[in-house]
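Each of the two complexes below includes chain A, the first together with chain B, the second together with chain C.
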Partner chain A sequence: MSAFMQTLVWGIFAGAIYGIAAMGLALVFGVLKILNIAHGELVMLGGYVGFWAFTALGWDPFLALILVIPATFVLGIVLDRVIYRYVVRLWGEEKIKNSLLVSFGLGLVLSNLAQWVFTGDERSVQPSYAGQGLDVYGVLMPYTRLATLGIVLVVTVALHLFLRKTYPGKAILATAEDYESAELAGINIDRVYMLTFALSAALAGIAGQFVTFTYALAPSIGMFWTLKAMIVIVLAGTGSILGALPAGLVLGVVEALSGAYLAQTYKELVGLVIFLLVVIIRPQGLFVRK
Partner chain B sequence: MSDFLRIQDVSVAYGDIQALWDVSLNVEEGEIVALIGPNGAGKTTLMRAVAGLNPLKSGGIHLGDKALHTLRAHQIAEQGVILVPEGRRLFGGLSVLDNLELGAYSKRARQVRAETLKLVYELFPLLADRKLQRANTMSGGQQQMLAIGRALMGVPRLLMLDEPSLGLGPLVVESIFETIKRMNDQGVTVFLVEQNAWQALELAHRAYILEQGRIAGTGLAQELLRDDRVKQAYLGISPAAEV
Partner chain C sequence: MKTPAGGQLSLWKPSRRWSGPGLIVVVLAFAIVFPQQIAQDNIWNLFFLMSLGITMGQSWNMLGGFAGQTSLGHAGFFGIGALVTRTLWLHGTPFILALVVGGVATATFAMIIGAPTFRLRGAYFAIGTLAVAEVLRITVAQNRPFISTMPGDMIASYSLPARYWVALALAVVTTGAAYLLLRSRWSLGILGVREDEEAAQASGVHVLRHKLLALALSALFMGLAGGVFAFKQISYYPEAPFLPTFTFEAMMIAYIGGVGTVAGPVIGGAFFVFVRERLAANLTDVHQVIFGVLFILVVLIFPGGLLEIWERLRRLATRRQQGGPRASGPSPEEEGL
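Entry: the complex of A and B
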């Protein structure tokens, strides 16, 4: 029983990171209506900011978030101004196809740049308290993982409140629903798209920082995270931004359980099977009304 | 009196298909001007062009001395030119209050948001009762009221309405038209597109007829109501109307 509980807990911890990585992708997909294949590369770059904050400055990995978040937010603004704002202006099929092409290309550029600047070595961060944690009836909960889960929950609630309760947040939701109506109401949608993309990049950055002490960091991890995030947003239902968290937890738990009870090699496979089942049986997603 | 809204030789094309050909018209301050014409004549296209949603191929649109055709849609809203789009286009997942507040997003409107909200609630008490309800759970008539209310939150100098009666029952249409009249009495200039030509002409001071992307006629609304050709084509009074 405690082995089962332990697996479940590991799944939740992993799923929290999937959730926050996917939330950024869902935000851009829901508002800009483009699929950003380079999202995983933003996770990777956020990770490197955190890695160097730890290695060069000696900052605690959680403290480093105050550097990672603004750094990736600004990177998001730059990428929107230089690239994405031109993609967003396209129409219909041309828009989604070009967004795939352009962001796939950008992903390659970013991962190769990272390889060149940071080398291809796998990096990770080990804070002094890495091995410590709570032991709840034989179920181990490391402090780093608990803090990760806590921060993910706080960020999700903060994003929810921002979108639902603040004026700029509501402008984002309005633009997601009907960008022409938003313009007619006086909303500068160009600005909304920029803010949304920057928020998405910051969410990716937070996920990347968690990767540095949970998984290994390397320039090539981007595609892995893009794929995980894509599976999660399909589970959550396209257009559901905050649904990414529960969907991420579902994916994390399913992967952990299948890793433990089927075989470690089937872990990835089971995630994809779930993905297919949702697409076939409940294509609107698990966490969408109607 | 100088022209308020001046549309001059406007042409609009969707790709290779031209929808408007050298359309010129003007709306004076304080007027209600109707634009009537058959389906596909380009009425909606013209409205969208004024609001900045369709780029012009040639020509110009001015509000007073201000050129609107060089501005983006949200900047045009900032100038007080507000469009209630065809089919209402509310933010369906958001509450009635959110929809209204977002209508006042432009800097100019935001400063007087609280006062405008009070006025809109006076005009549509129903919206006050339902302010926390999600917009897409309301009936068509209520949604049209919300769409007009949202436009009023933008403090319009020129209010443009595209097919406000579309899909609504006759009683609701009547109350919508009464509201438009009342807003006009309070000094809002109205530019209205309607397929329901008879009702539009009853309400308007003047009207333009748009056919196949060109202005085919204009006049005082009362005169157009008596015009034989208009009667035949748009009011369905004489049989065998061929447009």
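Entry: the complex of A and C
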């Protein structure tokens, strides 16, 4: 029983990172109506910013977030101005198709640049308190994982409040709903798209910072995280931004359980197979009432 | 607008009717004679990779360019072709038979996968194919973790020109198939599906059947390309041909040359491989970055690829000749020419 609970807890901790990584992708998909295959590369770059803060400045991995978030936010603005701005202008089918192609190319560029600058070595960060944690009736909960889950919850609530209560947040939701009406109502949708993309990049950056001390960091991890985020947003139902967190937790738990009870090697496959099944059988997602 | 002096033009302009076949003969003759004249391993290798690139580009173009179904999972087809062909071949099947079986197996797999995935539209189809390719890659990596090497007697009798002739033949066959497909009655339905699926359906086109046809042909040739890859590589990890790079290369070649045309992947394949091999010799990691940027530029600015750039330049040049000095600037009225 305790082993089962432990697996469940690991799954929830892993799922929290999936959730926050997917939230950024869902935001861009829901508002800009494009699919950003390079999202995983943004996770990777966020991780490298955090890694640099840890090794060069000696900052605590959680403190480094105050550097990672603005850095990836600015990167998001730059990418939007240089590339995505031109994709968003297109129409319907053409828009989504070109966004796939362009972001696939961008992903390749970013991962190869990272390879060039940071080399292909796998890296990770271990704070001094990495081994410590709570022991709840035999179930181990490391402080780093608890803090990760806590930050993910705080960010999710903050994003919710931002979208519902503030003017820019409402503008984002209005644009997601109907960009033409939003424009007619005086919203500068170009600005909204830029802000949304930057927010998405910052969320990816936060996920990347968690990756540095939970998993390994390497220039090639982008595709892995893009796929994870895609699986999660399909589970959540497209257009559901905050639904990414529960969907991420579900994916994390399912993966952990299948890793423990089926075979560790097929852990990655379970998520992809669920993804294909959901897409084919229930394309509106698991958490959307139709 | 004045009518151009037709008589003057036709004096120096070669007959258009023969320029197409003439060009094909010249290119083919070059591809056959040149490597034999130089007879160096790096030239054989370069021409082999060009032929493989052309095949991959044509294959992606049949589905992505003609039928308009963006696939991000062509590496899966490439990998299946390589896996099946290599396994049969190393177990004693004659290579050509193994190659054909590999291609047919790939097409069969694609049909099984195709029926459900074509229920997905646009973005879902693309990421669905990406997910299928990744599932295959992970499964193969888990089950065949060891490097696959040719046995010693095969290495002893290894001949690079033989590999090139197979690859060149495949490139010619694939290009011919793409041309025939575009000339056939089926192409009307396939192009119709690309332009507007609802309208095509409303005018009586069986959408799923046309999509499946494009997919089957595309997968067949990608599988054959994978088989030729398996024929050439002395040793590689069985996982390697499933890597997303192969999807990207096929897609790039189609786009850089000119997506949705038959000549595009040929030009794109030759150009892409030539530049990549040049860059790889000098700047190892950077060539992917350069191609990534080039690809983004093509998609955003020149959706017609090199063919479109060439066409624009040609139009600019003829307009200068016809219009004299006053009409040398680009004028919007003449855009429709």
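What to note about this one:
One rule holds for everything that comes next: the second predicted complex is superposed on the first by the 287 of 290 C-alpha atoms of A that agree within 3 Å, B and C clash if a C-alpha of one lies under 4 Å from a C-alpha of the other, contacts with A are read in each partner's own complex, and residues count from 1 in each chain.
Methods note: contacts are C-beta pairs under 8 Å (C-beta built on N, C-alpha and C of every residue); 3 or more make two chains touch, one makes a residue touch a chain.
This structure is a prediction, so every number in the text was calculated from the model and none was measured.
Once the complexes are laid over each other on chain A, chain B and chain C both fit without any clash. Touch criterion met: A:279 reaches chain C, while chain B stays clear of it. Applying the stated contact rule after C-alpha superposition, one finds that A:183 touches chain B and leaves chain C untouched. Contact with neither chain B nor chain C is seen for A:121 once the two complexes are overlaid on the shared chain. A simple residue count on chain A separates chain B from chain C, and the partner touching more is C. After overlaying the two complexes on the shared chain, residue contacts for A:98 are found with chain C alone; chain B is out of touch. Of the two partner chains, chain C is the only one that A:112 touches; chain B does not reach it.
Following the chain A superposition, chain B and chain C show a smallest Cα-Cα distance of 11 angstrom.
Within the complex, the chain A residues that touch chain C are 35, 37, 83, 86-87, 93, 96-98, 100-102, 104-106, 108-109, 112-113, 115-116, 223, 227, 230-231, 265-266, 268-269, 272-273, 275-276, 279-280, 283. Chain B makes touch with chain A in their complex at residues 51-53, 72-74, 77-78, 82-83, 85, 89-94, 98, 101-106, 109, 150-151, 154. The part of chain A that touches chain B in the complex is made up of residues 167, 170-171, 173-174, 177-178, 180-190. Put simply, chain C touches chain A in their complex at residues 70, 72, 116-117, 119-120, 122-124, 126-128, 130-132, 134-135, 138-139, 142, 244, 248, 251-252, 255, 285-286, 288-289, 291-293, 295-296, 299-300.
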